[in-house]
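Read the structure below first, then the notes.
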Amino acid sequence: MRPSAADRRRPVWGDGLVALLVAAAAVVLLFLFRPEGGNFLTATVVLEGETIARYDLSALAGPEELEVEGAAYPITIQAEPGRIRILESGCPGRDCVHTGWASQAGQQIICLPNRLVISLSGGASDDIDAITG
Amino acid sequence: MKRLPFLLMVPLFLLCAGCGSQQEASRQFFAMDTVMNVTAYGPHGADAVQAVQQTVSRLDGLLSRTDADSEISQLNAHAGDGTAVAVEADVAQLLRLAQDASGLLPGTFDVTIAPVMDAWGFTTDDRHVPTEQALSDALALVDGSALVVDEEASTARLERPGMEVDLGGIAKGFAARQAEDAFRAAGAEAGILDLGGNVTVIGSRPDGGAWRVAVKDPQDTERYLCVLSLSDVTASTSGGYERYFEEDGVRYHHIIDPRTGWPAESGLLSVTVVSADAVLADVLSTSLFVAGEEQALDFWRGREDIELILCTADGRVLVTEGLSDGFQPAEDGGYSYETVRR
Amino acid sequence: MSTSLRRLTRCAVLTALALALSVAEGLVPLTVLFPLPGLRLGLANLVTTYALCRLSGREALLILVCRCLLGSLLGGNLMALAFSLTGGLLALGTMALLVRCSWLSLFGVSIAGAAAHNTGQVLAAMAVLGSSAPLVYLPPLLLCSLVTGAVTGAASTLLVHRVPDLGAIKS
């Protein structure tokens, strides 16, 4: 007994239907997740205008540390599920370390001497356009 | 087999149709010792963002104290030697505005505070508590009336040697004003200029509503104090949490009271000023922080063109009534919120 | 050669083949081209498809489980086993059902199998992380499975029609 799908050598209309169903499922899922998008927080680390790392903070399994290469002063970034901070920095003033954790979309941690910016996006649980202060 | 590739492309087209509907141009750059984020929505966005960066970078080049060739550095270098330093027309205008601002709340803002800032090391890498002698020497050089600005001739001079101008408390506001003009001149109608926490909102959000601007919690910069609904205004915040250092267990922040030469202890943790005038918002946020709660509210009652958020050290958040529409306090931040009426 | 011995031999050969394919695939990961966790071509699925068409569902299952176990012994870990087994079993189940449909070819069967495999992996990831976060990866993975499924579908069509029926080989 041979299964009938194996007898064919060319795609048939049914294959298109399967492909369409899979695509439709993907689109429906995208649609379901896009507008809310809320729970997925992304941290982007930009050094001198170049993105050097990106963390999906919501999907992070455990703490992660990053020693930034090529920074003017030694700097270490620590990411945890849901939040990120500058753990240690050799820069003068250490304002970036004082900033502490950032955990909401739209927030930024900045190390000016290193020209390094960590920006959080995606979460927007409060739907905020900008932050003053 | 011919139809299969076509079918495979269908979902890709669907994807593209979903993401291309809203034009958005945005850019991040460093200027004036801070990070600037500019976002424009709608047509001409890319031009507007470019125009903003050019405007701000130009001003940064003219006003920087760290760049020895800048006009402000030239002005400072010629302090006391009688030379009237030629400056760009808008730099003269800015110096005039800064002088006028000193008169708003006398004693709380002085554009010639630079020697004191230097004594504390806030402008350098080495922050420290100055000796009494160093501080009183520096304080003796703070005198806004000894800055002579001639707007017609486009010149400025400092009358006494050692005097220095620092536009830190006003330059971002002035840059925001010029940047907004450049933004609109480029043809864009909606966007956000975030010049290092000085937020100027232009037009309305892509969804038609007011912009939602959060005010940072001065005690926990991970959190917000509140969210404001704003359009076509600038929100500027000053707080001791932005820049500080610790020595012998005491925290010293960078907002210096020009009367004492010490970090202002006014019982306020942060002051946010919202105004259609970006220069006013910037300069007043510093001035009112130094002045304290009572004087700040009295000042507000006397004017129609500003609204305030004051965060006090004893855990109160004071919101002036003009901001109450669309005001949203943070959930359990431990603050009590009060609306202040005229 | 006795029937059971023949059955054992061809299962062993196919398991070895599946293992080799999945190791080979690991050497040239698709994720270099397109950074999406869990994305792969699914060449080992060829063997599953072949076994389903030419042997039986039971043997396909046996080969799959052996391949996953051996694969995790070879280079992976328990986590990798959970991922590949969840994905593989879901794909096998889906394909076993669809392969009987006369209105489909192996293209459709493979696409459905690839989609099921990705769904299984995302489900396993959700279980391991205890969070719904991996769900974001599902839509792009599903779209990719259209392509990877079509490629393995074409390959398995060739395989099933060109390679002699292992079951008919006499000793």
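A, B and C label the chains in the order they appear, each numbered from 1.
Assume contacts are C-beta pairs under 8 Å (C-beta built on N, C-alpha and C of every residue); 3 or more make two chains touch, one makes a residue touch a chain.
Small disclaimer: the values here were computed from a predicted structure and weren't measured.
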item: Taking each chain's C-alpha mean as its centre, the one farthest from chain B; value: C
item: Distance-to-centre winner among chains (Cα means, whole assembly as reference); value: A
item: Distance between chain centroids, defined by C-alpha means - chain A, chain C (Å); value: 30
item: Separation of mean Cα positions, chain C and chain B [Å, integer]; value: 59
item: Contacts with two or more other chains, residues of chain A listed in rising order; value: 10-11, 15-16, 19, 23, 26-27, 30
item: For chain B, residues contacting two or more additional chains; value: 4, 8, 11, 15
item: Per-residue overlap in chain C, given as positions that touch at least 2 other chains; value: 107, 143, 146, 150
item: Partner chain B, residues of chain A touching it in the complex; value: 10-11, 15-16, 19-20, 23-24, 26-27, 30-31, 34, 46, 49, 83, 92-93, 95, 98-104, 106-108, 110, 112, 115, 117, 119, 126-133
item: In the complex with chain C, residue positions of chain A that touch it; value: 2-6, 8-19, 22-23, 25-27, 29-30, 33, 39-40, 56, 58-59, 61
item: Complex contacts: residues of chain B adjacent to chain A; value: 1, 3-4, 7-8, 10-11, 14-15, 18, 28-30, 33-35, 37, 124-127, 192, 194, 197-199, 201, 205, 211-216, 218, 220-224, 227, 235-237, 239, 241-245, 270, 272, 328
item: Complex interface listing, chain C residues touching chain A; value: 52-54, 98-109, 111-112, 115, 129, 131-136, 138-140, 142-143, 145-146, 149-150, 153, 157, 160-161
